[in-house]
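Both complexes shown next keep chain A, but they swap its partner, so chain B is in the first and chain C is in the second.
For the complex of A and B:
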């Protein structure tokens, strides 16, 4: 279990407990947190669960490998930044307690 | 309906030998009788091989998860125009035009990224005002108490106006865009004006000349925020105009993609509500459901019937052995009714828990670039409809087009009560 804070683009914060083994995307969807659409349901095939990983966590969470499906899908998403990830590709562990992710202006 | 009255599609679908079922027959879609055929394939043979069908030999992929597997492996399932591209129709080699939808990474990626900013969130916000103004004008001009064609008066008018904005195209000439869009996708066996690939190319030649002139004009000016200017000024596409076939391929893609699909969701959504009065009442009681109704409309209509890939390596899919060179057809219209991936898939439900979990936009690297623009247009349309007209009546069943690619409604007579 890890407490994860999702911050909407308008600044509204949601802190929820997400069981280890679930994805960061599932944590948002299960708790009806707006701002993560996840159209494809976690297949890394739509880029609508795009988040920015908080700077304090970026080293530990890491970035998608060059040439990976996640990097490819992210390259088509709008408003990406160097700290962009697809939240369906981040599997929650107990060590992620306190993780903060922010939502982009829109999921595309 | 063109089907004779004694013909029972469900009985035909379940009694025809499996290897004789041919879901590529465009009449199934024109007559709106395709469901039982796909229902049988999903149940009995979800990855189905049809040898020597109306559109050659091909694999039909009918389940949501199998379609997702094809979508997410472009290195195995190619979209390349020269292999056959994205449609089940194998055009003669000289008529196979590349465009970024009929290309694989990495060239696909470079070209797609040139045009995608036009549908990024900030620009969607910029466009929402003009879209709403047009919707209001079109709706306010509709007759009351008399029968009219929703397709012409609303669906075609609004989506063609949208194209004039995306291309910065003269509004007075907008009927050409609708025409070129229809010509670009017409089945040569449909009995319409496009009865050969030569004829298609001849008509699209007018589009090519028009857009080539616009290209040179805009290339000489500072970059603007329309599709032609964006293509003319971007590093990856600045020489596209010198490859007329690929330029035409991309123009056709952008015209059809930005027009025909949303047009048919504008018609199909009203049809779905009229056929499901309890859902229509739910909408009247709570117009706040529109943002969740819109993706359900897009699922229900499935404006693109299929996308095709060509295997470039031997592989396995759903327990079947696919060989390099095989034609693989993803029937979105079937995956959108797959009970293993969508709850109550045969019900039209405007307040689903996860309405965007549908295949109509495709998935993976070729996922519809304009999907959020399409949704926004439909949301604005339905918001303004509900402010004005509590009820629109369907006067007769819609007429549908002869196509296994575009799920198109060509005419739909409706009436707004006085």
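For the complex of A and C:
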């Protein structure tokens, strides 16, 4: 279990407990947190679960491998930054307790 | 949570209906929401049914759209094994299969589509299956043991995905297609050829240009598919995947215009301002292509759920999206952006024999209408942007891999 804070683009924060083994995307969807659409349900096919990983966590979470499906999908996602990830590709571990992710202005 | 006395009734708890209920709460709806589902389980994702679920790689929990406790927590009255049987538009009430009546201020029809039936002798034999619901998938899964023989009638996406899953489970699969190629209605000939070769190389038998004469069985169970030319394809189970029919009868009986689906506008509203319709059951505007059509896809269900929830909650209408679709078979990821209306040329970018390529469909003036991408996510994502911008490209630039997708889309 890890407490994860999702911050909407308008600044509204949602802190929820997400079980280890689920994805950061599922944590948002299970709690109906706005800002993560997850159209494809976690298949890395749509790039609508895009988040910015908080700077304090970026080293531990890491960036997608060059040439990976995630990196390819992100290459044209809405408003990407160097700290962009697809949250369906981040599997929650107990060590992620306290993780903060921010949502972009839009997913489409 | 409930403060507003207005009531929304959602008829159908599939991907569209379940998502609409959740979005209404996200968008601030504080009135009542009743979500009526015909199946015995809460809303779930259908795409994995032909893939991860068949192969035993998904659980009921991972399939669920939301955890079961979400619905009471969000004050959504989810009623399972219940369907709407009629609509009284004057009284603004619906009659339910359990005999009850519900009043609505807003009604959302999310009744989906059903598998097209084959009017064939033997179609009612045991072992003749379709694949729409989790219950259907469980029946198919039970039939797919090592060495089992599956006959698939119809070479569409459901049939191809099920055949790939069958091979992964050690079963034999024969696809029977009446057209001259698989995916004849939904993909171009280059893509059809590619998928046929890929499946055949993995042991799937594919029969094209054949009719099915009858399903034959013994002691009530199917044992073979009799083809029009007299040959018999022996099997232990048959999957019929020959398309889907919109469940638009409720709307039609209520006098709402339907043309192969309930006619809606870009707010997902029907002719009756109190009634919306979303997902597989609708015929909707395709603004990029200046026409209307029915789309059977998860992205369409979600887009229309968002259109309806936005209109109901007084939010601005979402920007229309480029229609898209995906299919996973073996280690192939097919992603399709757009629709190839009026396209006159197909340009290949990448390496078809290396299973990493994209097919660009262009009109005579070079406008990109659709991109079919196999293991080429950058081309798919870039293609969506190019199509949305109605950009024109030349064959030479698309084919030139030294020109990046960023440059093509820029």
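Heads up, the rule we're going with is that the second predicted complex is superposed on the first by the 108 of 108 C-alpha atoms of A that agree within 3 Å, B and C clash if a C-alpha of one lies under 4 Å from a C-alpha of the other, contacts with A are read in each partner's own complex, and residues count from 1 in each chain.
As a convention for this text, a residue touches a chain if its C-beta (ideal position, glycine included) is under 8 Å from a C-beta of that chain, and two chains touch if they have at least 3 such contacts.
These figures come from a predicted structure and were not determined experimentally.
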For this session: Record, for the superposition on chain A, whether partners chain B and chain C clash or fit.
Result: clash
For this session: Applying the touch criterion given at the start, work out whether A:95 contacts chain B, chain C, both or neither, answering first, second, both or neither.
Result: neither
For this session: May I ask you to decide whether A:56 touches chain B, chain C, both, or neither, giving the answer as first, second, both or neither?
Result: neither
Problem set entry | chain B versus chain C as contact partner of A:79, first or second or both or neither | first
Exercise. A:105 contacts which: chain B (first), chain C (second), both, neither?
Worked result: first
For this session: Would you check which partner chain A:43 touches, where first means chain B only, second means chain C only, and both and neither mean what they say?
Result: both
Exercise. Can A:1 be said to touch chain B (first), chain C (second), both, or neither?
Worked result: neither
Problem set entry | Which of chain B and chain C A:34 touches, first, second, both or neither | second
For this session: In the overlay, answer first, second, both or neither for which of chain B and chain C A:69 touches.
Result: both
Problem set entry | Overlap of the chain B and chain C footprints on chain A, listed as residue numbers | 29, 37, 39-41, 43, 45-47, 69, 72-73, 75-76, 108
Exercise. Which bits of chain A are touching chain B when the two form their complex?
Worked result: 29, 37, 39-41, 43-48, 69, 72-73, 75-76, 78-79, 104-108
Problem set entry | Complex interface listing, chain A residues touching chain C | 29-30, 32, 34, 37, 39-41, 43, 45-47, 69, 72-73, 75-77, 108
Problem set entry | In the complex, chain B residues that touch chain A | 68, 71-72, 105, 109, 112-113, 116-117, 119-122, 124, 354, 356-357, 361, 363-365, 367, 369, 371-372
For this session: Under the touch definition given earlier, write down the residues of chain C that touch chain A in their complex.
Result: 22, 25-26, 45, 47-48, 65-67, 70, 74, 298-299, 302, 318-319, 321, 324, 326, 328, 333, 335, 376-378, 381-382, 384-385, 405-406, 409
